[in-house]
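Just below sit the structures, each encoded as structure tokens.
You will see subunit A twice below: alongside subunit B first, and alongside subunit C after that.
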Partner chain A sequence: MSARLHILKEALRTGVVTKKYPYEPVKVPEGFRGKPSIDVEKCIGCGACVNVCPPNALSAEIDLNKSVKRIILFLGKCIFCGRCQDACPTEAIKLTREFELSTLTTNDLYQVVELKMAKCEICGKPYATIRQVLFTAKSVPKDQRPLLLLCSECRSKVSAKYISYARW
Partner chain B sequence: MHISTTKILDSLSKYGKIEKVHENTYFVEVSADKVREVSEILHWKLGGHFSVTVGSDERPINGYFKVYHVFLMDKQKLSIIVHVKVNPVVPKLPSITPIIPGANWHEREVHDFFGIFFEDHPNLERLILPYDWPKGVYPLRKDVSIRGLRSKLLKNNAESEGKRKAEEEGYIVPIGPYHPALHEPEYFELYVDGEKIVDAKYKGFHVHRGIEKVAEEKLTINQIPFIAERICGICGYTHNVAYCQAVENAAGIEVPLRAKYIRSILLEIERIHSHLLWFGVLFHLLGFDTGFMMTWLIREKIMDLAEVLTGNRKNYGLNLVGGVRRDINSEKIEFSLKTLNYVETKLRSVLDKMLKLKEVISRTKNIGLLNRNEAKKLSVVGPVARASGIDTDVRKHHPYAAYSEVEFKVPVYDEGDVYSRALVRYDEVFESINILKQLLKNIPKGNIMADEVKIPEYRKGLGLTEAPRGENVHLVITGRDNKIYRWRPRAPSYNNIPSTLIMLKGENLADAPAIIASIDPCFSCTDHLVIIDIKRNIKRRIRLKELARRRQC
Partner chain C sequence: MSIKLFMKSLWVFHLNSGSCNGCDIEVLNVFTPYHDVERLGIKLVASPRHADVIVFTGPITRETLPKAIKAFTAIPEPKAVVAVGSCACGGGIWYDSYAVIGGIEAFYKILREEYKVKIPPTVYVPGCPPKPEAIIYGIAVLRGILRQKQRRTYFTEKEVPELTKDLIINIEKYMESKSRKEIYNGE
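== the complex of A and B ==
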């Protein structure tokens, strides 16, 4: 009998614990992994996040006609693991503390970043976003920077030529 | 009686070549006619237990199918994997089920997925594949691609066996337990005589998602931990760790000690929340909803703790091959210790009293019996085995993560009833709090990710963890191009569910919910029961929750 009384006492002492969500907001701790969001100003469109995303919530597409690259984030697939945040070289994509994602239109779950692409100096094909070229230039020695203006195929042709000159 | 490691290896060496893959893990290649003999020696004579059977299509590598039987020797801290080459033209192998009944499901799964025929298997029917699956299509074979599979299934669907059978025998598939949208559609059929259960049947795997195939074909090595975490909705992190350990073992990657500590900390947090959830479910099924709400209220503190440490209540997403992704700072350690102290005192005052209630004891004591011999035959694991007198705990016997650095006891009870399963979990919750306190106090400084993570191709690795429900085994064969060649996760409930059929026989119908729940089979209220009255031959279908409620009045 005493066990039962003890439990009853404990239950009465605890009282009502149900929170009146959504009328009463729920606090989440620091470092909570919520909805990812891309900072359009910082994104260079390199696609590092696309490569690591486990559920393929992030994807990239290249529009050759408009010569733009799009990074597309679809929250409907997102598992909020934060791998994109780890991989991003410019801290453009970050997980926020927002978690209320229910919506009536699927379009609300998309974020699209559109970035202009640079065209190859030789063949004229769009090969990388302008921002990515500029970002890469920072870590490339000055004398080799002109090579960044070429697409990967033309670049390998040109550098092969340089190597053969060097041999002669 | 203690048998030394060398003696075991000596007795195995006459059957075939022994290859040490990583620490305490040996692969023994035997010929097909010796499989049964070796299995009998390992399971019944040398004190080990059968854990999992893994099939693998290695025709692109060496021209054969392979079957791996994994045995764990708890006393010697050894894992022995017996592997056999299977002829690709006539794939057949002697079954080990006549000797170890626990291998029943495992062999049927290999038969389903690879088309390997097991001779003398008592019941080599389909286990996982549905009835309308086309004949002769074995989904995990390497020459079957996901895309090809889809078109094959669409084409064959019209003339499928299942549909024809349904038309001939005139039954229709009920929505309910088979509906893929409901989570956990287990399906039990109970045959009753009045109130007594005479026999029971189980049909499962309605939501087998084929994630092994997806992982092998589409995902890269570091994407798989996240899908592994979603195998279970309650103890996902343990699968995540087991997978990472399997790959690390295969590649010989040394994980920094701090990362190991963090893994152990979260595994124990997961265990506490899972066990408290189980207590809540048990009390709820017994009609004791005060107990259900109070244990879940305390569990909420643990969920909050996980959220602070990892950024999410569940799905911690913390592991990669080689280490962990988030560090723990001193503030978080302090918060954890404070929460744990609170939880410990609360549990001591509440849970302790609840388990002493007359009603709880009378509904659980001497109910759902599973004796030691039956448990050994079916090779059950975790709390179910420990409540039946088998001392087995991967944390103790095959130490992984940081468990070799801490002191803890493994509770073992001999009664084998629902009550002792509750007591095992009760003791384990407090052991986990004890382990957590040690880990949090002694966590060393250092990196949380290995410096170099290189994964050579076609290496094998075994990853073991003690999930809240028991031993969890992942076998991995690494592949080319940052991919996994074969990955077989085996969750503990796979070994435990067959034991419910034994527990249910001869019990009262009213006790069925508690018995089924006592093995902690990731339980949900969507489960359905069919009750068949053998005298009046009436079939009724009701929800398990309703049964629990009805029997209270």
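== the complex of A and C ==
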């Protein structure tokens, strides 16, 4: 009997510990790695996140007919490691503190960013997104910037020509 | 949609279908006094014949596939499925492994083609592993207590600047003259 009273005393002192979660919001700790989301205004479609993603939750797709590039984020594969956040040059993809991701279809787990691609001035092949060209132009010397308007194959041909002129 | 099927308590059968045990421990956490999901009438049962809901944790390996089919078909109608963890949702980190079927979607494909089974309402709880609150939220979505927040988003650019030599050479001036929204607009 005295043991029961002891338990009762202990229980009264502790109070109720159970959270009322579905009926009350819950606090998420600082630095919690939740749902990754792409800021569509900052994303340049370079694909750095696609290269580092271990489970290929992020994938890139180039549509040559429409000349668009799609960055596709599928949360059903994501392991919330945060490597995409470290690799992103423009800090567009970030892990938020959101954890309520449950859906009734897998279709709702996708985020797609579709960006238009620039076409090469010589061969007309789409080679990089327009945003990526604008982003890289800032860090290239002014006299070499017109080379950014060419695809990688044409660029190597043209720059090889420049180098041969310089030798003469 | 599924709330009408289950007006009473949900009895849950938990099946480890090749999980790394991370999600299993989170499922265990849900039943501790701290989260105490039994206040919502949810109870773990030992046999699939007593259950309403089956919880899959893991990407469904080739070894567990026959057992998963056996347990799935043993549950009486109406039933529901909870896929806990990224592995169960779409394969997770094992998406291209030879030993893995690749999530609930692929499992349903096998069931539909070879067993002609009706596919029950399914709730997907991504996370590696999901927080115990995230699992409770998944159950709440299944029962219709809370509304689903996550939606598919598709962004397309509306207008883009035309790339010319002048623009590329004087990019700094162009970037200063226009706000970020004017350069990158879309929906």
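We take it that the second predicted complex is superposed on the first by the 155 of 168 C-alpha atoms of A that agree within 3 Å, B and C clash if a C-alpha of one lies under 4 Å from a C-alpha of the other, contacts with A are read in each partner's own complex, and residues count from 1 in each chain.
The criterion applied here is as follows: contacts are C-beta pairs under 8 Å (C-beta built on N, C-alpha and C of every residue); 3 or more make two chains touch, one makes a residue touch a chain.
As the structure is a prediction and not an experimental result, all values here were calculated from the model.
Once the two complexes are laid over each other on the shared chain, residue contacts for A:Ile79 go to subunit B and to subunit C alike.
When the two structures are aligned on the shared chain, A:Pro55 is found in touch with subunit B and with subunit C. When the shared chain is aligned, subunit B comes close enough to touch A:Ala3, but subunit C does not. Contacts of A:Gly31 after superposition on the shared chain: subunit B is touched, whereas subunit C is not. When subunit A is checked against subunit B and against subunit C, the one touching more of its residues turns out to be C. Using the contact criterion defined above for the overlaid structures, shared-chain residue A:Cys123 touches neither subunit B nor subunit C, since it reaches no partner. Judged by the touch definition given at the top, the superposed model places A:Val113 against subunit C, while subunit B stays out of reach. Within the superposed three-chain model, A:Ala11 lies in touch with subunit B and out of touch with subunit C [touch as defined at top].
Touching of subunit A by both subunit B and subunit C, each in its own complex, is seen for residues 17, 54-55, 79-80. Only residues 17-19, 21-23, 26, 35, 40-42, 54-56, 74-80, 98-116, 118, 130-131, 133-134, 137-138, 142, 145-146, 148-149 of subunit A touch subunit C when the two sit together in their complex.
Listed in rising order, the residues of subunit B touching subunit A in the complex are 219, 222-223, 226-227, 230, 290-291, 294, 297, 304, 307-308, 310-312, 315, 317, 325-326, 349-350, 353-354, 356-357. On the side of subunit A, the complex with subunit B involves touching residues 3-4, 6-7, 10-11, 14, 17, 28-29, 31-33, 52, 54-55, 79-83, 86, 95.
If you check the complex, the residues on subunit C that touch subunit A are 1, 33-36, 39-40, 86, 89-93, 95-96, 103, 105, 121-128, 130-131, 133-134, 136-142, 145-146, 148-157, 160-161, 163, 165, 168-169, 171-172, 175, 180-181, 183-184, 186.
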